[in-house]
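The same chain A turns up in both complexes below, where it pairs with chain B and then with chain C.
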Partner chain A sequence: MAAPLTLLLLVAVTIRGVLFRSNLAEIISERVEVVSPLNAWKRVVEGLALLDLGVSPYSGDVFHETPLMIYLFHFLVDYAEIVFMIADGITAVALYLSVQIYNKNVFRKQKYALESERYPADCLELLRSPKEMFYIPLKVAMFYLLNPFTILSCVAKSTCGLNNAIIALFILCTLKGSALLSGILLALATYQSMYPLTLFAPALLFFLQRLYIPVNLRRSSFWFFTLQYAFIYFGSLIVITGLSFFLLGSWDFIPSVYGFILSVPDLTPNIGLFWYFFAEMFEHFRLFFICVFQINVFFYTIPLSIKLKEHPVFLMFMQIAIISIFKSYPTVGDVALYMAFLPAWSHLYRFLRNIFLVSCVLLACSALFPVLWHLWIYAGSANSNFYYAITLLFNFGQILLVSDYFYAYLRREHHLTHGLYLKKKDGTEATLVLK
Partner chain B sequence: MAAYRCGLYLALILILSRIVHPGIADTLEKANDTTGEKQSASDAPRDNADARSVDLNERQWQKTDVEPYTGDDPQNTPSVRPAKDQFEEELVIRPLHSGDIYASFQFRTLWDVDFQQEGQKTSHYRLFPKSLGQVLSKFSVRELHISFTQGYWRTMQWGQPFIASPPGAELWVWFHHTVTDVDGNWRELTNVLSGIFCASLNFIDLTNTVQPSASFKPLGLGNATDHSFLRYATLPREIVCTENLTPWKKLLPCGSKAGLAVLMKSEKLFHSSFHSQAVHIRPVCQDEQCTSKAWELRQTLNVVFDLYTSGQGKKEWSMFKMFSRTLTEACPLASSSKVYVDITDNPEGELFELSPVTALLSQAVVLGDRRTYSVYDLTRAETFGQLRSLNLLLRWKGESGDMLRPLLHAERYVSGFGLQTGEIHTVIYNNHPFRAFPVLLMDSVPWYLQLYIHTLTVTSKSRENKPSYIHYQPAKDRHRPHLLEMLIQLPPHSMTEITVQFDRALLKWTEYTPDPNHGFYVGSSVVSALVPSMVAMNTNFTLDQPLFSSFVPVKEESSYFMRVYTEPLLVNLPTPDFSMPYNVICLTCTVVAVGYGSFYNLLTRTFQVDEPSPPLAKRLANLIRRIRGVPLLT
Partner chain C sequence: MGLLSDPNRRKALTNLLTRLNTPICVVCYLAAIVWFMGLAFEPFTLRTYMSENAMGSTMVEERFSAGERALAAAKEFNAHKRKADGMPVEWLVKAMQARGLEVFTQSFFQKLPFPDENKERYMVRGTNVYGILRAPRAPRTEALVISAPCTPGGTNNQAVGILLGLAQYFRNQVYWAKDIIFLVNEHDLIGMQAWLEGYHHTNITGMEYSPLQGRAGSIQAALSLELSSDVITSLDLVLEGLNGQLPNLDLANLFYAFCQKLNVLCTIQGKLQRNDWDSAEGYTHAAQTMMLMVLKQASGRSWGDHGLFLRYHIEAASIRGINSFRHYKMDATTIGRLLEGMVRKLNNLLERLHQSYFFYLLPSLSRFVSIGYYMPAFGLLAVILLLRALDLWVHLGAPVLSEVDGVSEAEQPSSPGVLSVLTPVVISHLTGVALYILPVYLQDMAVEHFPVSETEAVVLTALAIYTAGLALPHNTQRLLSGEGTEQGWKVLKLTSLLYLAVLLGCTALINFSLGFILAVTLVPVTASITPHMLKSVSALAMVLLSPAFTIFYCVLIYQELMEAPVSLPEGLTIFLSVISQGILDHALYGSLVYPLLALFVYPCWLMFWNILFWK
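Presenting the complex of A and B:
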């Protein structure tokens, strides 16, 4: 399996290298779908320039990267292209290995269940065979590396690629079972963009499951491990934040990075839901709606953790998807990360209800983004509503996609316990509904 | 590194300490002024010994050089100490090469009071307007400069103005160093001034206020260097009209009843190519030893009339044509009241004919150029002649030669297309044939244009010209603008181009002006420079100068301070659709609700086999059976 992966990496690097050398790179790096005020490369360079002028990069409202990021690029600014390509490679390899481990776990669990005859007889066709699972890790890596969204994001040198790499490494460490590394990487991801905070729950659930600790609030072993993991996580978060403080000698970055993410002052158009909503918002409702929209991102964590407590990896996927849909400055790089997981759920395909519609919507929207942007900004023949309509549709498509996968996952689990061909009381074929 | 920086600052300080106020009219005063007010603010003692010696030289030169021209200047006025308050007025008329007429009024009121001493309450006002005096004492203002300008001064056609001002309103204030809450004082002050001048100065807030570190130094007494007491703001969109002129005229001791101010009829003043009115208040010395301080209020009004086109191409003008008034008397309160007409290009009367003829001549070095003026002293009865009225008349005989190109000139524009990004180009011309000189460029750009300082390029003669000093303060969204100050060395006879890229922000719909597609104004950039004097550039030795003085060409005023303003910019920003906030709120909330709803559905419900519900009749029957306690139907 190493050979195809190497080949894939080579192809991916070649594509990126060619694009970096072409004059498309400059056009791509200006696209609002690809870069947001949070992660634009132009702003990283600006931050470094400000630092050179002796001005704190956080004294203005152009730079919103974390202090560690400045110091990384302070040394690596000349090798930025290589850094971003390596980051993409790391993400892909990490996802590849994680999915491999995940598949092994799934297969082992399935085997135990089969041996203990827990599956109904007609469910055998739902079970996953090693043959179909063999290529899934490679497909995941391919979905990430060859996804046009990832390529665009990498060519634009959006620091989103680095955040994705951290999250992918976090997933890998979690699945490997290393609580310490997982906690540190999760803290790093949280430090970078705050929203990955919600991945704490799936990681904790995974470790508990792995150590056969039941989620029981009255059990001391549960509390012991939870506190241990929380201590690693918050401890490293404090250490990283403190380190940033000592690097710059001020706390200016807190309002400039996290305040900026939470209060959404920059209304530059992007593919998210926030920009036009808050551009058109009535002033006295602004705070209320900002709270509602931000809580919305974190809101699903607890109910999803309860519902999916047996399936932490799927919960992780759900969380990443929800973050990338509802975060305040989303870019296509965020979308690419959760889309990379879709091959891992290929066994859910038969339960998806409107995958055709959703893929059409997403493809059409991706094509229409640049068209309507051009009509609004350059040609002047359309107005902001056109672009807004497309972002709305794109998000609608993403929500449908994610909820469809969620539905399919729950349905498959239901069938695995209750049998695939359900019968009504009178013996006729039954239809399954949510009640 | 530290040594280098130290040296840099030293050089800066040296340059800035030489930046005296644009000493324009003061030099004029000395020619004929014999009331004993020989010392004007320009001669305020400075800690810089150099500057003082230059001033001394200058004064002496004025005396020796000027007096032969002034003819029968009487020495009979009593040489007593001047009255406590003093008022002077003058009007300078300069025919421009383009055929336009430049008229510049200056009114100076001196107020002999020092209310910055502790516990001193001033309630007695003579000539100084009480409204301004109260403002000065209440807000501890040290220096105040405010200008309202309609139209843009075309340097390439008209040469340099006496006092430059940017289009719209400009306000800069130095506060006294005892002020603790400078921003609070500034906010109140702008609101008060807004009332006094009937202008929208109340729109000055933190988002368009900057603290320039080097470009604006106090012009009066004192040597403030801490720029945290300085506030500078422009309103490039401000429209100046009669309602601003009326309160401005009311500040004059004679109002518009007597003196030069009778000429200010708004329907004529605003029917012009350029109109600028200003108020400058600063502390100055009262006497030569500077034992006591005084407040100087200098009101200026500059107008450029386009008489060439309105006069059917005839280059001929009179005071009556310009102002639809003639002068009949000086302001009785004025200690000096004069009209100057620039006749530098017409020494022998071959170019135009000026009537009535005056014997009084004056020469002064203005903006590095030696100019000759005919002087009409309104305090003397013979000026008005038989008709008891003075109507200056100038009739052109021949075509004037080409204008000497201004040594320093700047312009600015925005390049790029679309509403996403753009680039600001500032072009500065140094037209001096052999001398390089440094300029300070100051740019204040509103926050909604997000500047990228790493894209800043400075090129002269197609080569990179690295600024030796950059002060950059990035903007904070909705809190403060960008401030960029640079010290750039302009090579001789060159064009220096400064470019910087920006992103256009999308604003909240309530932050747009009522006409959003008109665009947003960005204030002029300010170029401050010590320009090498044209007098020093002059190698023509036919002027009767003593030989010992003409070997080294740089004798007096080797350089002069000048401020040049560029055009303001008009930048379009992307706009949201203002008509549909409700729709947007509804639609976005719908999508969020779809997300929430579908997750909620999947989270709270479970899969169940769909059993078809029995028909209604059966359900009713079962209900009744349940009440009766009879077995149910299946």
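Presenting the complex of A and C:
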């Protein structure tokens, strides 16, 4: 399998290289869909210039990257294009390996269950075969590397690609079972963009499951491991933050990065839900609604963790998707990360209900974003409402996609325990409804 | 959300949509046509009204009275123009300076990609002259433009004369809050392009021009005046700009309001307004006016010098004087007063014109159709594509979706290789790229080998590539070594339908007329095409409804509506010149119609052509 992956990487690098050299790169790096105030390359360059002048890069209201990021580019700024291409490569390989491990686990579990005859007899067709699973890791890597969203994001040199790489590495380490590395990388991801904080729950659930520790609040082993993992996580978070403090010699970056993410002062249009809403709002409601919107991102962790506590990897996918939909400055790079996972759930295809509608909506919206932007900003004939309508539709499509996969996953699990052909009490065929 | 989550209702809906697919599509198509034609019917349209407060409620009094002097200046200008055989720069500079303006000139040079045979130009060198009247009452942050083109021959002298007359009169008034720029541009649109690019420090088309020495504030609105005789019977308003962009409707309202006030006959598309909307003739008249607007807008050309302003977010319109030998006549003073009134109202603006509509169609000057009324006509056509796509989707996943919520046993039919779908798509698009690039690049070679002029070479190469594209499907199939499966063409058609729907949707948003015309011709044939149809008949139908033929029909209809019907050979000549103009418009001003047709619409149509010959 190494050969196709290498070929894929070569193709991906070629496409990116060509685009970097063309004059499209400049246009792409200006698109609001691709870069946000948080991760625009232009702002990184500005921050670097300030740093070189001996001024704090956070003075002024332009730079919102973390200190480690700026020091990384302090040394690598001349090789930025290569760094971004490598980051995409790392993400793809990490996802490839993670899905491979995940598939192995799934298959092993399925074998045990089969041997212990836990599946109803009519469910055999729902089981997954190695043949079907063989190409999935490659497809995942392909979905990430050749996704136009990823390519755009990489060509625009949006630092979102680096964050994605960290998250992908975190997933890999988690699936490999290394609690230490997983905790450190999760801390790094949190440090970078804060929202991956919610990935703590699926990672913890995964390790607990792996070590056969039941999720039971009265068991000391549960608390012991939870505290251990939390200690690794918060410990490395504190170390990283402290390191940033010593690098810069000030705490300026806390309000500039995390305050900026949480309080959403920059209302440049993007593909998210925040900008229009807060641009229209009366100032005295602002704090309240910011709390509501931000809690919204984190809130789903609790019910989803309870519902999916047996399936931490799927929970991870759901969390990443929710973050990329509801975060304050989303870009298409974030969308690309969770879309890469879709081939891993290809066995759910038969239970998906709205996939046609969703793909039409997402396709149409992707095409309409630049068109309506043009009409609004350049032609002056449309206005922000037109653009926001498409943003809403795009997010509606994403939410529908994620909830569709959620439903399909639950439904398959239900069938695996209760049999494929459900009967109502009166003997007629039953249908499952998500309410 | 009930519809999306309740399996039984979903199933019922899907069943209904697949069983009644064809009738629904036919009904949608007819409804779209009827809806569109109904737009011209007066009771369905809205009366225009002034939305901008700053222009609506304030009164202005027109006092311009130097019409005769303006005509004298026009005669002098004509004499000097003849002497200089082009723009009489020195005289014009002096004349403007004598009227108290700050005068500047800008020279420009543009080499066309190939000779323009309509206007007989290839290497264009010229000079723009403009004078700025500084606003006495406000900081110089905003400006208005009045322009008149300096065209070769005896036309448009009167416009320059009135421009000078107005400059002299405006100079003595104290109420100006915006700088007023009086611009005389040479070589119509090319000069205007050079001046606008110079003014805004951009260079989109690679033109050479000298930088502007004098500048006023940001331009809020512009009027372009074209007059060719001393006495005028009516004034025509031209709104259609580059890429089908239109100025704010308030500008048209302003013009109409002043025509009413000064008792001036005004037309749009050269058609007077009629009052008998309830008679058949009245309706036909309105429909013709609207159709003319749709055709002009769809062409994506700038139909007057104002068209290039719109790109810079400046509301602009052209006013064209027409002398059609009616009894009713007006002199230069009236036209001067009309302009004076319009400029004074624009001078009152507190912000850019934005209150009224930007998307509209005009069946007459006093009636308009807004985007909310005309979009359903397009929507009905787009729905057909989506319905067909849904139908195909259901058929493709038949075992899965027919029992959407009960669970099915049937194994998924092996999906066709990605390659078998991707190859036609890629080949079609490569043909499109060839159609876009080759005609201009190959002109030298074509001229060497064939007895044609450069312009003919470009147009004929384009047509040759277009025709050659039709031969491709057979080659595609051979490349795939006979791999066409039943599933294959369905997947390809599904892709093509969605592609076409998105493409037309985007087009219609930017330029409704173009999107609608393409949809009317492309939708019926693309929605119904399958490989199992009678090849010869359906191939003929497809070719007759292909984009090139659509352009040809538009040319014929346009000529018919302009009351200058042409025979087929004449129509063909015009068709060829329209294509060369389209390519030139793209190269000179950045019109998007040619690249859109070559790079997207034509390849998309080729994909359907491919389906027809699927083996």
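The rule we apply is simple: the second predicted complex is superposed on the first by the 433 of 435 C-alpha atoms of A that agree within 3 Å, B and C clash if a C-alpha of one lies under 4 Å from a C-alpha of the other, contacts with A are read in each partner's own complex, and residues count from 1 in each chain.
Here is the rule we use: a residue touches a chain if its C-beta (ideal position, glycine included) is under 8 Å from a C-beta of that chain, and two chains touch if they have at least 3 such contacts.
Treat the numbers as computed from the prediction; the structure is a model and nothing was measured.
By the touch criterion stated above, A:326 is placed in contact with chain B alone, chain C being left untouched. Contact with chain B, but none with chain C, is seen for A:53 once the two complexes are overlaid on the shared chain.
Counting residues of chain A touched by each partner, chain B versus chain C, the larger count belongs to B. Applying the stated contact rule after C-alpha superposition, one finds that A:368 touches chain C and leaves chain B untouched.
When the two complexes are overlaid on their common chain A, residue A:276 makes contact with chain B while staying clear of chain C. In the superposed pair of complexes, A:410 makes contact with chain B only, with no contact to chain C. Touch criterion met: A:267 reaches chain B, while chain C stays clear of it. Shared contact residues of chain A with chain B and chain C: 378, 400, 431-435. Across the complex, chain B is touched by residues 30, 32, 42, 45-46, 48-50, 53, 55, 59-62, 265-269, 273, 275-283, 293, 296, 300, 303-304, 307, 325-326, 376-378, 383-385, 388, 392, 395-396, 399-400, 403, 406-407, 410-411, 414, 418, 422-425, 430-435 of chain A. Contact residues on chain C toward chain A in their complex (touch as defined above): 4-8, 10, 245-246, 310-311, 313, 352, 354, 358-359, 386, 389-390, 393, 400, 404-409, 498, 501-503, 505-506, 509-510.
In the complex of the two chains, the chain A residues touching chain C come out as 125, 349-350, 353-354, 356-357, 360, 363-364, 367-368, 371-372, 374-375, 378-382, 400, 415, 420-421, 429, 431-435. On chain B, the positions that touch chain A within their shared complex are 417-421, 447, 450-454, 470, 472-478, 482, 503, 505-510, 574-577, 580-581, 584-585, 587-588, 591-592, 594-596, 598-599, 601-603, 605-611.
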